[in-house]
Amino acid sequence: MTGHKAIEDRSNRRWAIGFTAVAVFLFVLYHWIVPNGPSWLHDFVQGWFSNANTNEMIVYIIMALGLNVVVGYAGLLDLGFVAFWAIGGYVAGWLMSSFLGNFKINIFGNPAPGLEMGIHVTFWWVLLAAGGFCAIWGIIIGAPTLRLKSDYLALVTLGFGEIIPQVFINGQDINGFNLSNGNQGITPIDPIRFFGFRNLGPFDLDYKFVIYAVICAGMVMVSLRLRQGRLGRAWLAIREDELAASMMGVPLMRTKLAAYAVGAFSGGLGGVVFATHINGIFAERFNFSISILILAMVVLGGMGNVWGVMVGAIVLSWINGIGLQQFGNTVNGAFNTNIDFPSFNFLIFGSLLILMMMFRREGFIPEARVRLVMHEHEDDNEEVH
Amino acid sequence: MPADVATPMSTAAPRAPRLDPKDLTYKISGGLILLGLAFWLGVNLFHDPAQFFTVAIDGLKNGALYALIALGYTMVYGIIQLINFAHGDLFMLGTMMSAFIITTVFGQKAPSLAGYGAFAVAMIVSMAFCGGLNIGIERFAYRRLRRAPKLAPLITAVGVSFVLQFVGLHWNGSGQRQWQTVLPNTQFNINGVVIDVKTVIIFAVTIPMLLILTWLVTKTKQGRAMRATAQDQDAARLMGINVDRTIAFTFGIGGALAGAAGLMYQQVVGSTAYNLGYQLGLIAFTSAVLGGIGNLAGAVLGGLLIGLIQGLNDGLSYGLGQQWSQSVVFTILILLMVFRPAGLLGKNVTEKV
Amino acid sequence: MANALEAHNITVQFGGLVAVNDVSFDVPEGGIVSLIGPNGAGKTTFFNVLTGLYKPTSGSVRLNNQVITGKSPHIIARNGLARTFQNIRLFGLMTAEENVMVAMHSHMRSGIISTLIKTPHQRREEREAHERARELLDYVGIGKYASDYARNLPYGDQRRLEVARALALKPSVLLLDEPTAGMNPQESARFVDFVRKVREDQKVSILLIEHDMSVVMKVSERVTVLDQGQKIAEGSPDEIKTNPRVIEAYLGKSGVEGGH
Amino acid sequence: MNKTLKGAALAATAGLLLAACGGSSGGGGKSLTISSDLPLQGTNKDQNTEANNAMQLYLDQIGNKVTAKDGTVYSLNFKAYDDSTAAKGSWDDAQCAKNAQDHVANAAEIAVMGTFNSGCAKIIVPILNQDPNGPMLMVSNANTNPGLTKAWDPGEPQKYYPTGKRNYGRVIATDDFQGAGGAQFAAQDLKVKKCYVLDDNSTYGMGVAKAFADAAPGQGITVAGMEAYDPKQPNYSALFNKIKGIGGVDCIYVGATYDMNGGQIVKDKVGVLGDNQQVKLIVPDGFVGYSEFDNLPEAQGAYMTFSGLAADSLIKRGGKPASFNDAFQKKYGHSLQNSYSIYAVAALQVILAGIEASDGTRAGLTSAVLGGSGVTVPADISMLGKEIHLDPATGDTTAHDMTILTVSNNKEVTLKPWTVQ
């Protein structure tokens, strides 16, 4: 009994150490080694593992971990996760920029000179506000729909994933009220104040990385601890057998809503982090393909397994953002060809998804139990052929 | 809180003698929404009846197109419960194949006898092409995953969708292309209500398709095999049904429908684009669910309804306007899911304990 | 003797079909009661009414003198009515221990925040839940499987695990839905002893649906017979054995016992 | 630099040190990289690939080098950045942010030609502006959102230039000029009285549509309604039936790019409201240069405004654009189809003129183009067939004149030049 607990605690401590080690290494790499290193190292890192890309990856990790709570833990299919990203992003747009110019509120905020109008709240509070606001939206969206069976639920979430971005796209004139500045987007977002001593400008990616990594670590902790507790067991039980779970005293509605709220919360965090990463918020990002991309990260990484999901997020966002492009540039450069690589990206990306599902559908780093179920009928299938 | 019961069994469960407050709220809010809708329609109808019916029929024209795509969606879902995201992209390739046959191969750009001939050839080629492609996709991508948890084939379908978009991108180019139609461009005007002859043609294609499919599913041996497979694959196999072939057959039919829809879209709307399938696939899937997924007539009803709603919202003077059409459609979908989860024509299912 | 569970005039209709017709039924505190009847008699439907899965068309259910009719399953479960399933419904991809701990959900208090910051209360609660789960597993005799996935357990042990899971709810009434289905006579005999033991040790009343007459007759203190939704007889096992209506209902059916 | 040599060198370094090569090798003087930043995947892939090809061709034509006024010879490299992603199929804000970092980090890079989307520019410009070695210059061929360079929304344009120095220019006129010019033309030449204004809900489309609607009442035109359409919908006949129901509408203004389902809008407009003689159709330069559009029977008789000169008319005029088009056709097998490609080369010419006048540093280049009296591309080499000059105070092109075109016999025909009052 206690042995079991001890192992759990030890592995928890181990991940904390590992995560910190990787984060510190990356910070040192970006902060000292690359700027002071030889130019080939600089070019190599800039080309293949640029700091901007790493920061974007963290956004995707946060999103994927959130979706993992909904899909991986509780087994609820969500095809509209991008809605929470959008809501979180716009909370940052509202509370960290000069956009709402009728107000002039500053709560530990950090407006750029000349942009003092609007609402300026400190980054950390905005994180909480966005997370909380998204969690409320998660409950609003979830409450009427969570009674539905999985496919229908998926469709309803898809519907919300389409409606909410459209509200933001059309939102520059809703009965005369400018909610979102429409497709023009909201820029700039206030710089983050780095633990009180430095405003983070566009080239302080390494410091931003530290902040994002802390938030990401927070999400990892949330994922792991909730999974091990009372709520995590209830989620898994619901994923396995809703009916049996309810007859064992698990309140279905409330438990599912909790999964939704936690997922939405992290979507909100990711939205704020992303808004500060690109220094703005643009409605065009929030389309269905992004929801699918995040879902693919969860599934390809290994549903339910925090490490797998992180790896999935890292790999897919790297491929989507920098990998395919850099690969094309390299091939074209090395063989002096002029192949139009971007036009093959659909093919490469699509094939990757298909092949993964064919040959390693439990994901890169599966949860042991998921591997079992993913392959359980393999043998039956062979005899079908 | 009866809402916590996992299964949607509002009709199957016995009704309590007294209304419980939750049920009552549901009924009242549902009624209010319907009332508001009726009021909105009434005001518009009163305002300008000719326009009302013109835009309604316009909407139904699109709706019939959605219905054609939704039929394929619903068949595939009905048999293996797969949300086939690639279906819309298959339809997209159907539009391109039709354009290729009619305009590039036969060089037909205007209504003429030769044009109708090319149209007929394109119908056959496009249906065969999409049907064959869909069978191939099923064989190579989905079959292995038939017993895997739902998410695996879903992600595969997304992958297939990307690959098909790649094909479309290279076939059609990145932009949208416009085509001349071989269908007549005439319009009837009945008391101010304008009806496009193309609307008539689409219905002349969609309704027979629905009838043929219904006959196929309910009356033929193959149809019985399909229904048996949809119910329980293992039992069907034990009864001597070749499940693989039945599923492949269903995919073939679904693909052929996508091909037919592609031809109709290309000829009626007159454009092709590589990313067409995404949008229309989404709407078609919504139609299928609206009507009750797995139900053929439901898919047609759902498609027509969505087209009608869009047309009314776009075209009525007191509407939200075109830019909100998508939101209106999905809002209605969500409301329906809340009030009648099984869709308009679908049956509620209870879980066995 | 007071009644732990009382069902008054329960009627369930599906459309025009009457599945259960005006059945009243009690489980005395600390008793072992059986509900029997041929296939399709409405036993499982009746069970589903008791556990809150179906709302009865009319009638009411009282658990420890509290009306529970129409309440959701999880609330009924929390109030002390636990059940097992005819076709085993364990959480297959959770360990045996986790399965038991799920059922403690309603007796635990920690929420999201306390789980995240691991308050002392939360840690204590978790530790106690672990310990109690181990105890229960040991009690039903499958302690060695505690960290195995439930789906990997032998069949009989899965049944035991279901009982352990149900007991984790600290029920006052335990509903067993055909618990010996699929067991051989030796296993069934052992199970009868086990049920008695559970009743003694855990202070629960037990309601049993069963096909296997030998089990019913051996274990029950009182037997109720349903046929086509109607209660046709009620009494001690000996009375039931000789009741002409019961014999009529079962006539020719004894050969297909347990053929579910 | 010899391409084969470069390739061999790169193969030898296992292809990993690609970017390192740009700065090191090369003949005499200093080597500079000019980059482009355009979406190369999805809907705008074809036209932006063409723009990249045109720029590469132009650099090849001038021998990939430029001689500054102080006599230094700079050898030039071209690098194309992609600001779109596969999953999204269009410009991606995160990709823009990343590219901005890369532009700054790539020491050999001197200036950026781009972006295509104004939203992307809003992300990139402030970052380039704060470049420690800069500000770094960006010249766009396609951003028409006024706020990037002049007072528009609150805080604009200062919020894009945190250092207070300008570093962004464009060779294309802003939406406000064009919309207003369209309204003047509609009132004075077409004598229309009642217009319905549509837009594609994009930054560009809404900008021109709003400018048109704002200017129309002053010209005596009633705006019967203003509405955004959803480019993802299959068709718009219901929408046009609504317009028909209003009655008396004799002109439709569509503030959009052709890519945003513009073909469908035009087809349905004619289908419901009648041809472009009965109800005039006026579109902005988002429709110019699409042969698809010109070939539509429904497009015949449509009027187009263009802030500058359209591809076809430029090529027809002869001179530099025509000879360049010949060379392009020879190399790529088709003539330039997109006006934005020509404007991309024009933007490149502004950058090159700036390098000539500068000391070869980023800051030097920026202050050469956006300081003092600015730089001028003389008419004889200009891709626009006339002098190109950016106002050094704002970065906007000084050419406010626009062209009215009409579609006739599947061709864009220049009707008249028009000066916005």
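First chain written, first letter: the chains are A, B, C and D, and each begins at residue 1.
As a convention for this text, a contact is a pair of C-beta atoms (placed from the backbone, for glycine too) under 8 Å apart; a residue touches a chain by one contact, two chains touch by 3 or more.
The structure presented is a predicted model; accordingly, all values stated were derived computationally and were not measured.
Participant: Among the remaining chains, which ones contact both chain B and chain C?
Facilitator: A
Participant: If you tally the C-beta contacts for B-D and for A-D, which one comes out higher?
Facilitator: Greater number of contacting C-beta pairs: A-D.
Participant: Give the label of the chain whose average Cα location is farthest from that of chain D.
Facilitator: The most remote chain is C.
Participant: Give me the ID of the chain with the smallest distance between its Cα centroid and the all-protein Cα centroid.
Facilitator: A
Participant: Distance between chain B and chain D based on Cα centroids, please, to the nearest Å.
Facilitator: For chain B versus chain D, the centre distance works out to 39 Å.
Participant: For chain A and chain D, what's the span in angstrom between their mean Cα positions?
Facilitator: Centre separation, chain A to chain D: 34 Å.
Participant: Calculate how many whole Å lie between the centre of chain C and the centre of chain D, each centre taken as the average of the chain's C-alpha atoms.
Facilitator: Here the centre of chain D sits 73 Å away from the centre of chain C.
Participant: Using CA atom averages as chain centres, what separation in Å is found between chain A and chain C?
Facilitator: Inter-chain centre distance comes to 43 Å.
Participant: Hunt down the residues of chain D that sit against at least two other chains at once, touch-wise.
Facilitator: 45, 86, 89, 201, 228
Participant: Quick check: what residues of chain B touch more than one other chain, meaning two or more?
Facilitator: 1, 3-5, 162, 165, 169, 323, 326, 353
Participant: Chain C: which residues touch two or more other chains?
Facilitator: 53, 72-75, 85
Participant: In their complex, what parts of chain D are in touch with chain A?
Facilitator: 3-4, 6-8, 10-11, 14-21, 23, 40-41, 45, 49, 82, 84-98, 100-102, 104-107, 118-119, 122-123, 126-127, 130, 132, 145, 147, 153-155, 158-160, 162, 201-203, 206, 228
Participant: Quick check: in the complex, which residue numbers of chain A touch chain C?
Facilitator: Checking each residue of chain A against chain C gives 1-2, 4-5, 221-222, 225-226, 229-231, 233-234, 236-237, 240-241, 243-252, 258, 262, 369-370, 372-373.
Participant: Could you please specify the touching residues of chain D with respect to chain B in the complex?
Facilitator: Per the touch definition, chain D meets chain B at residues 42-47, 86, 89, 201, 227-230, 232-239, 241-242, 244-246, 258-259, 261, 263-264, 267, 271-272, 290, 292-293, 295-297.
Participant: Report the residues of chain C in contact with chain A in the complex, numbered from low to high.
Facilitator: Contact set of chain C toward chain A: 51, 53, 72-75, 77-78, 82-83, 85, 89-94, 98, 101-108, 110-112, 115-116, 118, 122, 125-127, 129-131, 134, 147, 149, 151, 165-166, 168-169.
Participant: Residue numbers of chain B touching chain A in their complex, please.
Facilitator: Where chain B meets chain A, its residues are 1, 3-8, 81, 83, 141, 144-156, 158-166, 169-170, 243-244, 278, 282, 285-286, 289, 293, 323-324, 326-327, 330-331, 333-334, 337-338, 341, 351, 353.
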